[in-house]
Amino acid sequence: MTSSPRHDGRAPDQLREVRITRNWLDHAEGSVLVEFGRTRVLCAASFTEGVPRWLKGQGTGWVTAEYEMLPRSTNTRSDREARKGKVGGRTHEISRLIGRSLRAVIDTKALGENTIVLDCDVLQADGGTRTASITGAYVALVDAIEDARARGLIAAGAKPLTGSIAAVSVGIVGGTPVLDLDYPEDSTAETDMNVVMTGEGGFVEVQGTAEGAPFDRAELDALLALAAKGIDDLTAAQQAALATAPRERVR
Amino acid sequence: MTSSPRHDGRAPDQLREVRITRNWLDHAEGSVLVEFGRTRVLCAASFTEGVPRWLKGQGTGWVTAEYEMLPRSTNTRSDREARKGKVGGRTHEISRLIGRSLRAVIDTKALGENTIVLDCDVLQADGGTRTASITGAYVALVDAIEDARARGLIAAGAKPLTGSIAAVSVGIVGGTPVLDLDYPEDSTAETDMNVVMTGEGGFVEVQGTAEGAPFDRAELDALLALAAKGIDDLTAAQQAALATAPRERVR
Amino acid sequence: MTSSPRHDGRAPDQLREVRITRNWLDHAEGSVLVEFGRTRVLCAASFTEGVPRWLKGQGTGWVTAEYEMLPRSTNTRSDREARKGKVGGRTHEISRLIGRSLRAVIDTKALGENTIVLDCDVLQADGGTRTASITGAYVALVDAIEDARARGLIAAGAKPLTGSIAAVSVGIVGGTPVLDLDYPEDSTAETDMNVVMTGEGGFVEVQGTAEGAPFDRAELDALLALAAKGIDDLTAAQQAALATAPRERVR
Amino acid sequence: MTSSPRHDGRAPDQLREVRITRNWLDHAEGSVLVEFGRTRVLCAASFTEGVPRWLKGQGTGWVTAEYEMLPRSTNTRSDREARKGKVGGRTHEISRLIGRSLRAVIDTKALGENTIVLDCDVLQADGGTRTASITGAYVALVDAIEDARARGLIAAGAKPLTGSIAAVSVGIVGGTPVLDLDYPEDSTAETDMNVVMTGEGGFVEVQGTAEGAPFDRAELDALLALAAKGIDDLTAAQQAALATAPRERVR
Amino acid sequence: MTSSPRHDGRAPDQLREVRITRNWLDHAEGSVLVEFGRTRVLCAASFTEGVPRWLKGQGTGWVTAEYEMLPRSTNTRSDREARKGKVGGRTHEISRLIGRSLRAVIDTKALGENTIVLDCDVLQADGGTRTASITGAYVALVDAIEDARARGLIAAGAKPLTGSIAAVSVGIVGGTPVLDLDYPEDSTAETDMNVVMTGEGGFVEVQGTAEGAPFDRAELDALLALAAKGIDDLTAAQQAALATAPRERVR
Amino acid sequence: MTSSPRHDGRAPDQLREVRITRNWLDHAEGSVLVEFGRTRVLCAASFTEGVPRWLKGQGTGWVTAEYEMLPRSTNTRSDREARKGKVGGRTHEISRLIGRSLRAVIDTKALGENTIVLDCDVLQADGGTRTASITGAYVALVDAIEDARARGLIAAGAKPLTGSIAAVSVGIVGGTPVLDLDYPEDSTAETDMNVVMTGEGGFVEVQGTAEGAPFDRAELDALLALAAKGIDDLTAAQQAALATAPRERVR
C-alpha cells in the first residue's frame, strides 16, 4: 500500500507501537504497564488464597477484573466516580468484559481455591483502553500464576492457563476498515468492533456497533479478518515480553 | 428437520411465540407489553419536549432507555437494586445497549429538541429479555412519535425514524446453532450471541460471547445466518402489530 | 342517590371496578395483578425457607413488603429511584405500611421459620396504589402459603393466616365524603384517609390527613363508615377470586 | 379513678411532665428544647429568604422539617444513618409527618417567599419523640416568624399562622386506653395512635396502628377522646411558654 | 496585661468559661454536655461487650468516636450529611482525631474485649468544637469505664486509662498568639493550631495550619507554650467535674 | 554518624532517592511522576477556565486536589472506594491537606477566574505518599500555570505563585528521630509528623501524632529541625527538575 488513509501514516492493518513492561510494580504478584501508542494502562494482578463465599468448597478458583480511568487520563478531566458515589455503566461494562475474557483461558479447577483480581487502571487514554487492558492483563496474569507456583500455592504440574488471550479494536473509518483505532479514529468511526481472541485464533468475544449507518455482511467479514491479523501480532508481542527476564521486584 | 433437539420442540431456526400488545398503559405516549414465550417485558415510551442540558440549542433530539428487572421476574427473588443503592453492571450494560440500538434508526434532527425515554421493565424473565426489550421498545417508540405528531410536537412531514429495529439471540446449545434461546437453553449454551439488526438487514450490534470453549469462524457464520432469519420474522411481527388499531388509551 | 357529584358518575360509597387476576406470573409462589379502575399493581409473593438472621432459632416466620412505582406508571415520567441511588420517603413509608398490614393477619408461629416477601410494583397509577397493593397482596399471600403447604414446607394443619385483610381510601372531595378516590379526586381532596381492616371489620391502620382545613369529628365518623362499607366489598372480591381456579402456572 | 394501672402512677388521661424551653440555641431564629418526661428533643427553626426552585415566583413560602435521632438517644446505640449512606424509612416518615403537620397551620401566602426548616433532633428518646417534636416545633416556628417580622422580612400585619398545632400519642396498654405513652408502654401497647390537632380541636393527622389484635370502633372512639384531652393540655403548655419572656439570644 | 486585644475581653492566655455537666443523658453509660463559652457539645459514651471482627480473640478492646454537627449548630443552617448520602471530609477527619486522641490514654489490654464509642454531637458551634469534644469525651469515657466496672464488665483492679487527655486550640489573631479561639477569632486567624495533650503534659497531636502567611519557628514556640497552659486549666476542670457526684441517671 | 540505625542504611537526616519526571502525561496541562524511593505518585494538574459557582464574579481563582490510592499500590490489594460507593476518611483528609498546602503559595487574584485541579494518584505506596504528592504536585502546578500563560489564559506578568512548597515526613523510630520514613519505619514509629513548608522555610502545616507514648517538647524540636533540613533538599530537587527542559507533550 503506497499511501495510508490514516492520520498517523499507519497501514490499515497495522497496530500502533505496542510496549509491554513487566513487574512495573513491586507489591503486585504480577503487573504490566502496557502501551498501545499513547494509550497507557497499568495492569496489576493480585493473587489471594481463598475464593468468594459463593464459590467455597467447590475446589475451583476465581478470576475477576476492575477497570477504571484516572481523572486526567483523558483530554479534559473527568470527575472521579468514587467521589460521585457511583460507578458509571461504561466502567462496569468494561470491567465485566475484561474478567470474562481472562476466564476464557483459565481452568478454574487447576487454579485451586484461589482468587486473582486484575486491576486495569488507565493512566492515559488514546483509544483502545479495553483492548490494551485485556492484552496487558493476560501477561500480568501469567506472572501472578507463576509467582504463586513458586511459592507453592499452585501445584507444580497444574496448568491453570489453557491458552493465551488478546484483544484488539477494528472499525470502519472514512469507509476503510482499519486495525487498532486511536482516539481520533475511534471518535469518527462509522463502525467500531472489539474482538477478543485466543492465541490459537478462537473467538471469545465479538462486540460490534454501528455508530452511524448499519454495516453489512461484507464489512463485517473484512473487520473480522483484520482483527485476526491484529491478534496474531499482539500474541507475538505477549510471547516476546514473557520470553525476556523481567525487572526484579523489590519486596 | 424431522426431530428437534430443543427441549420445547422448536425447530433450531424457530422463534418462540411472539406477542406485541400496544397501548398497554394509558399514561405513556407509547407502550407495549411484549412477550417472547414466557418472557414478558413492559416497554413504555415517554415523550417530553426539550433535551438534556448538554444537547440544548443544537436542534437535535435524544432517545435513551432504562432497563430493569422486577424482583420476582426470575425464578428466585432478587433484591431491588434501588434498595441496595446501586445499579448493577448488567443492568447498566443492557440499558445502554437498548438506547444505542434505538438511536440507530432515529434521525435526531427530524425529532427536533425532544426527548424520548424508553423504560423496559421485565415482568417475567425466561431468556432474551434484552432482545424482547429492543423489539418491543421499537413499537412503543413508533407510537410515541405518532402521538407527538398528532399533538403537533413533531412536524407533519418529519421522519424521525429511518427504519425499523429488532433484536434476537442466537447460540450454540449442545453443539447445535439455535435461534431465540429461552432460559434453560441460555444457561447451558456454549456460545451466546445477541444481534440487533434493522428491518432491512443491516447490522447494528453484534455481541457474541464464548461461555465455554472459543468458537470458530464457521460457527460464527452459522449464528449470523440464524439471526438474520429471526430478525425477518420479528420485523414481520412488529409490522403486523403496527398495522392493527390498538386499544384506545384513557387519558 | 339520583345524581352523582363524582366526575366518573360513581355513587359516593361505590368502589371503582375491582379485578383480581391470580397467577399472573409463572415463577412467583403467589402473584396477582390487581386493578382498582385504571390503577394496576402487580403483587408477587416470594416464599423462601429460613428467616433473617435476627429471627433465627425462634420458630417464627417473617412477612415483609416492598412497594415501588414504575417510572411511567404516572402521567409524567418519574426518575427511577435506583438510578438516583436512594429510595424516597413515600416509597419507604408505603412499603412499611403494606408489610405491617399483612403481618396483622399472620400467625408467625404457624408460618414456621419461613419468609414471604410481597413485591408490589405499580404498573399504572390512578390513585389508591397503596390500598390496591394491600388488597392484592393478601390474595398473593394466600396463594404463596397454599403453594408452600402443597410442597410440604408448611404443616398440613397449620393456619398461618388468622383472617383476611384489605384496604381502601376515603376522603372528603368538594365537601362530600367519598369512597376509593381516583387520582383526580385524590389531588383535590380536602381530607384523605387510608383505612386497613380485616374481613371481620377490625381496624388495623387508620391514616387520615387534612390536606386543607382540619376536619372535625363528624367528618371523621362519616369517613370511617364509608371505609367499613368499602372493605366489605373488597373482602367479597377477594373471596370470589380465591373461590375460582386460577390459571395454571408454567414452572 | 382511684388507682392507676400505669407503671409510673399516672392517670390514664395524664400527660408526662411537659417542659418547653425557648431560645435554647443562640444562632437559630427559633429554638426549643421540648421534654415530655424523659423524652428530650431539640427543635431548631431556620428562617431563610427565598424558596426552593419549584416554588419560585408564586408568592408563597415553604415550611419543612427534618427529624433525626442521635445515636445514643436510645437505650442501646444505633448507627448513624449518615455513616450508612442512607436514611431509614421511619426517619423519612416522621420528617414528612412533622412538615405536613406544621404546614396545616401556615398560610404560605402570608409567609411570603421565605422558607422555614424545622430540625427536630432527638437527644433522648423515651416514647413520643414525634409528638414532642411537633409540639415543640410549633413554638420554635412562632419564634422564628416573630424574629423575621422584627427584622422586617415578614410584613407587620401578616398572619402566617392560622392556628396552633400539637400532637400526642394514645394507645391501648394492658386493655386500658391511655394518653402519652412512654417507651415501656409504647413497646407493649396493643394499639398505638398518634393524633395531630389544632388548638381549636380540628384533626390534622390521625395515625392508628394495631400492633397486636385489630381494634374495634369503640376503642377507636375512646382513643380519640383521650387525644382531644391531651391536645388541650399541650396547647395550654405552648401558650404558657409563649407568654413568658424567653432567654435572650447571644448573636 | 492591662488591656486585652480580644473582642470579648479575655487575656491572650485565658480560656472561655468551661462547663462540664456529667450524666446529661439517662441511657448512655457515660455522657457529658461540655461547653467552651457558647460552643456546646453532647458527648455520649456507649459501652458494649465484644469488639469488631478484625480484633476478635486478641484480648484487647476498642475505642472509637463519631463527630457530627447538628444542622443548626451554626450561624446558618447546613444540610444534614445523612440526607446527602455522604459524610464530608471535615467530619471524617475530626471523628478520626477524637478517636486517636482518646486511644492515646487507653490501655486496650486492660479494657478487655469491650468497645466504647464516643458520639460527639455539636449542638451549638462557636469555634473549638473538636477540642471541646475531646475534652468532654474524656470525662464521658471515665464514667463509662466506671459504669462497666460497677457492672463487673471490667475487672476490679484493671486500669484501662493510662492518663487524662484534653485539647485546646491556639492561634495567631491580629498578630497576637491567643488561647482557645472562638468563631470570630478562628475565622480571622492567620495561623490556627489544635493541640492534644495528656494531663501530664505529653504531646499527642499537634496540628497547625497557616491560614494566611506561613508562620515561623518563634511563632510556633509561642503557640505551643499557650497550649500547654490551656491544657493545664482544662485538666483541672476535668478533675473538678469528676470529683463531684453527678446527677443520678434514670434507667 | 558512622553506622546507620535505619534498615536501608540511610543517615537519620537523609531522604530516599527523589525522582521528579515532568510531562509524564500528554493530555494534562502539567504532570509529574514523583518518586520518593519506591513510593510512586502520578500528579496531574488540570487547568480549566472558570471557577466553581460560589466563587464566580470575585476575580479569584481556585486550586484544589484529589488524592487516591490505586487498589494494588499497597502490599495487599484494597477495594476501590468507588465500588463501595463512599470515600474513606483518610482519603478525604489527605485530599484536603494537599489542596490547602498548594493554596498556601497561590495568589488567587493573580490566577484570575481559573481553576486548577491536582489529581494525585498513588501508583505504588511505600510510606510518605502524601508528602510525595505535595512535593510533586507543586511541580505539576508550575507547569500548568506556565502552559496557561503560554496560551494567554494568564496575563504575561501575573505571578500566581508566591513561593514554592514541599512536604516531608519525620518521626521517631526506635528512639531515633529520622527523616522521610518508608513504610517499614512508618508502621513502627512511636511518633509520626508531616511537615509542609515553603522553600523559604515558613511553616504551612505541622501534623504530629503520637502513635505510642506521647512525645515531649525536646523530641518535637528535634523533629522540626530534621523536617527543615528535608524541605531544603526537596526544594533543591524541585528546582533542578524545573531547570531542565521536560519531555515534549504530544497533544
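Each chain gets a letter, A, B, C, D, E and F, in the order it is written, and its residues are counted from 1.
Keep in mind that, in the parts below, a residue touches a chain if its C-beta (ideal position, glycine included) is under 8 Å from a C-beta of that chain, and two chains touch if they have at least 3 such contacts.
None of these values were measured; they are calculated from a predicted model.
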- line: Shared touching partners of chain B and chain C are none
- line: Listing by label each chain that touches chain A and chain C gives B
Query: Cα superposition of chain E onto chain F: how big is the rotation, rounded to the nearest 5°?
result: 180
- line: So, in whole Å, the Cα centroid of chain C is separated from that of chain F by 60
- prompt: What is the distance, in whole Å, between the centres of chain A and chain F, each centre taken as the mean of its C-alpha atoms?
  reply: 32
- prompt: What whole-number Å value describes the gap between the mean CA coordinates of chain C and chain D?
  reply: 29
- line: For chain D, residue numbers touching 2 or more other chains are 85-87
Field: Residue numbers on chain F that touch chain E, as the complex places them
entry: 86-90, 92-93, 95-96, 100, 104, 193, 197-198, 200-210, 213-217, 220, 224
Statement: Listed in rising order, the residues of chain D that touch chain E in the complex are 25-28, 31, 38, 42, 44, 46, 48, 66, 68, 70-77, 80-83, 85-87, 117, 119, 121, 123-124, 126, 250
